[in-house]
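Labels run A, B, C and D following the written order; every chain starts at residue 1.
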Amino acid sequence: MIYGLTGNPTKAALWPLLDRVIRVLDKRGLPYRLAPDLATGRAERDQAVSDGCVAPSVSDVGRQANVVFSFGGDGTLLRTAHAVSPSDTPLVGINIGRLGFLADVEHNQVTKAIDMLEAGDYRISPRMVLEVQADERKLGRNWALNECVINRSGAAGLLRIAVTVNDEPLNTYWSDGLIFSTPTGSTAYSLSAGGPILMPETGVLIITPIAAHTLSVRPMVLPATATIRAEVRSPGRPYVFAVDGVSTEFKEPAISFTVRRAAHSVNLVKLDGSHVFNTLRRKLMWGARASANAPDEDAEDGPHVS
Amino acid sequence: MIYGLTGNPTKAALWPLLDRVIRVLDKRGLPYRLAPDLATGRAERDQAVSDGCVAPSVSDVGRQANVVFSFGGDGTLLRTAHAVSPSDTPLVGINIGRLGFLADVEHNQVTKAIDMLEAGDYRISPRMVLEVQADERKLGRNWALNECVINRSGAAGLLRIAVTVNDEPLNTYWSDGLIFSTPTGSTAYSLSAGGPILMPETGVLIITPIAAHTLSVRPMVLPATATIRAEVRSPGRPYVFAVDGVSTEFKEPAISFTVRRAAHSVNLVKLDGSHVFNTLRRKLMWGARASANAPDEDAEDGPHVS
Amino acid sequence: MIYGLTGNPTKAALWPLLDRVIRVLDKRGLPYRLAPDLATGRAERDQAVSDGCVAPSVSDVGRQANVVFSFGGDGTLLRTAHAVSPSDTPLVGINIGRLGFLADVEHNQVTKAIDMLEAGDYRISPRMVLEVQADERKLGRNWALNECVINRSGAAGLLRIAVTVNDEPLNTYWSDGLIFSTPTGSTAYSLSAGGPILMPETGVLIITPIAAHTLSVRPMVLPATATIRAEVRSPGRPYVFAVDGVSTEFKEPAISFTVRRAAHSVNLVKLDGSHVFNTLRRKLMWGARASANAPDEDAEDGPHVS
Amino acid sequence: MIYGLTGNPTKAALWPLLDRVIRVLDKRGLPYRLAPDLATGRAERDQAVSDGCVAPSVSDVGRQANVVFSFGGDGTLLRTAHAVSPSDTPLVGINIGRLGFLADVEHNQVTKAIDMLEAGDYRISPRMVLEVQADERKLGRNWALNECVINRSGAAGLLRIAVTVNDEPLNTYWSDGLIFSTPTGSTAYSLSAGGPILMPETGVLIITPIAAHTLSVRPMVLPATATIRAEVRSPGRPYVFAVDGVSTEFKEPAISFTVRRAAHSVNLVKLDGSHVFNTLRRKLMWGARASANAPDEDAEDGPHVS
């Protein structure tokens, strides 16, 4: 297996970790391809950079490798996913710092992860991706692994956003914005705005309003076959359209944004024994209530006292 | 087409409406089968009850008719759906009073509905149903069109509910209860407890906690292939398990409830031109913000003033 | 009683209503002072503008009148409140279009309102106001009747906002923004972001986060004696600080915003018989569930079916 | 200072801790009064029980001591508060297990707490208490430090609860129940049901609905001068009225519950240097996002990826 090595060079913790991984790969005789910014960073730190191991771009890393390691957080993995596209090489997010939803392999588990990859103890989790268009306008990114968002910008004021699904009028939202999310993105911005958690295999999309003016408006879960069209109808109010965090600013209303399932997916590697439920429980600290002191005894203590 | 006629006999508005519908059917020579409680009610009101038009039970109404009208609210339609089961005859909810999500044909549209049914201007919307078990215990109902719920009962106090999905531990909830809902039920109890709205065709389930103690716990959307097991682990706390509103009380913990997609569906009739989005907008009053006085002008008025 | 007449000249419905009110006042010999933009608008529409009835500015309207009518929505009343300041002349919001929380006198009740004012059938509701500072920076407005808001702007990305209360660290929020609201403002933006409704007489402030990243963060209600300091700590992320809807853009972090109760209040007129609860019920459509068809019967129908 | 010693005898961790505290008090010659159940428990464990140190009841502990230690969780402190009433002796919650909001002194800080009490390094935080009545019916408790709750019981089904404030109709709620909470209780059940956090000094009450059917209904913050009356209007539906966790079951509707600020308060001891904000941040894990790996760097990583 050829290993692609990419990551966030602005994180100090990256360099010693990367160095450790390269030593492990070298020792085992496992080939790898290094992203150019990581090669440069290593050279600047007087760390060895072998000939033939540096790819000309992250995109080439994706093409030449059988699996791509992304060292960083969830944001780093999002960027890696876009950079290796259109290759569908599976990605592994190696987390530096806090646990991530996408970067769900702890930095001290990398050696074990290499063992498992070589032993075939993993599966590929293909993640649905949203394809987006803004009439004929150019967007910074044209597909999203997490979400795309219409958001107000600059001066305060509600946006009025008309949405259709399969050409059927859904609602005209009055809100700070709207999030169109994949299941993968359901634990990102959509969750902060009150959306539910969607399992990766659900094959659905979600529209989550941000601070909706109408109190009875709720997140809507749609089949993945839906074609969503959204149009801002608030003359004189600037707004942004952000795709996986890359924003484009718009000053005029009435641009029609189309969001629908893309033909391609992003492939994530899930090591055997890991499970999305475990990541959820740890990341959202669901278990934090439990203590050594027998929660059952504690429950006796009285009702509903946090 | 043979019409089944069922409904909620405790609603005064039922009788004149039913009488009107029977006159229309008689006039057009369309056959019908009347539920026995409605036949009795008509007799008591000195309204004609023709021989051969009364079925021995609601279940027989389902077997003998090609379409079943349910006069009442959403609760009435739920009861009708259970009563006609296991027949899969399609159901039409004729709403008396406020608009319903299931009973989405207005009472003054019945004649038009009959026209459309005769003309074939409708489609069948098959609705996913949940099959439920409680170890070997007997439950009042064993499948749900809307939802099944574990809920605390009597004395105050949190329930501790351990949940697995496909035998994988999901979470141990501390809450007033848990709702396991179909897409159809997403606009009922689950919505009140903070759940999202799921389109009927999404093919997913949702677990929505009620007043969860852990603040980071959120509604979870799962694929319809999931087998959910839930177990109350709070010794000494009574609780109920309710299936489409029919409750069974339990005093002991550690009963294992299994929830999964049932093999059968409930068929609802959707008349052409109706759309679930329209029902949502009307029922949840999403459009109520708009007024004759140009919302756009109003928006100019200042930001975010309700 | 001298009547001040102000309003939103961009609303077409203003002119016939204003004309009607002026006729009523003229007929009864009640003096009034017209805001200059309304005088101009009347002249353009060939409506009579009497000598001596036009004030040079809205501020002068406030100084010369005993009560000021604000024709428009809630946003119009906010603008009027700022324009008449520092005079503490009581304000009446005459609603054009949808009912408002501040503009809670219906346009067809104006004549009755004049009767009640002349008869003394009203009370003054003094509303707490927030005084705001941004280090030495100039803000578009320096006090708020509803709220002041830190909000992200332009490119997507979370803000990190450190907040102290009376110099005690409260929390460092990761969110789209923070709303600092009065009780009066609790039914505006704060409500959309998930905040509670505060009665006008509660004498408290509220901090409501917008789409907070940390799921356990909740709206915080503080005593009105609190001095809040907030500082954005996200280098490179532009943001706005909006006071009653007037935004100032900031590109640099670490500006310290101070929010505390102002020495002055804004006086609203409440006509006898009106009550904030009535306005809430009507505006938020709490009663909309009830129907002619006996909700009690309906409740029998089954549980929790919306 | 005479120390009262009370606690939850069902917690195994109580006994060694209590023994340690008694040794410290004995060593310093500080007098104490032991609750009878703790004295019995010590005797059973062959731990010394000095003559003259055992009070006949917890109530006597309150009368005879200058400060009362409550060993346990928040529920234990609630029970202690009720048991020592009507004495207003200040209480210290010594937490066994997880940190509490009321029991906010860690078990390993007890010696330090005694030092601070002797040195006068503390302040008294008087907590507002709600007085409750149920027509002429007898309730298990007639005042609440945290909250009182109307909650449905047994069979599923919405309650319809009519509420007035100072005899003014507020709303008729359709919900699972209603919570009437003090500021102290705002971090307990009310928080789970979506209520805001109220600082202890705010002098307000809050009404928080549980799973309200009408989606635009929100928690309401009222001045402490409010007299609330609530009446269940759902014939045939049993419900409970729980006061600080002690429930009374009702089978008939139309009982009028009155909730208002009580004349007395519960006094909590706050040691210098402790602050409610610190407890909140630790208990709700607001800071858990931060990591050693520079959140600022991490924020660069991309937007809104949890």
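In this section, a contact is a pair of C-beta atoms (placed from the backbone, for glycine too) under 8 Å apart; a residue touches a chain by one contact, two chains touch by 3 or more.
Just so we're on the same page, UniProt names per chain: A, B, C, D = NAD kinase.
As the structure is a computational prediction, the values presented were derived from the model and not from experiment.
Among the remaining chains, those touching subunit A (NAD kinase) and also subunit D (NAD kinase) are B, C.
Look at the contact of subunit B (NAD kinase) with subunit C (NAD kinase) and you find the same residues on each copy: over half of the numbers used there are shared. Chain geometry summary: the mean Cα position of subunit A (NAD kinase) and that of subunit B (NAD kinase) are 36 Å apart. Centroid to centroid, with C-alpha atoms defining each point, subunit B (NAD kinase) and subunit D (NAD kinase) lie 39 Å apart. Touching two or more other chains at once are residues 156-157, 189, 191-192, 194, 213, 215-216, 218, 242, 245, 284-285, 288-289, 300, 302-304, 306 of subunit C (NAD kinase).
Interface of subunit B (NAD kinase) with subunit C (NAD kinase) (complex): residues 8, 10-11, 13, 72-76, 78-79, 96-98, 100-102, 146, 187-189, 191-192, 215-216, 218, 242, 244-245, 283, 285, 288-289, 291-294, 297-298, 300-306.
On subunit C (NAD kinase), the positions that touch subunit D (NAD kinase) within their shared complex are 156-158, 160, 165, 168-172, 174, 183, 186, 191, 194-199, 201-204, 206, 213-214, 216-223, 226, 233-236, 275, 277, 280-281, 284-290, 295-296, 299-300, 302-304, 306. Across the complex, subunit B (NAD kinase) is touched by residues 149, 151, 153-157, 175-176, 189, 191-194, 210-213, 215, 240, 242, 245-247, 249, 284 of subunit D (NAD kinase).
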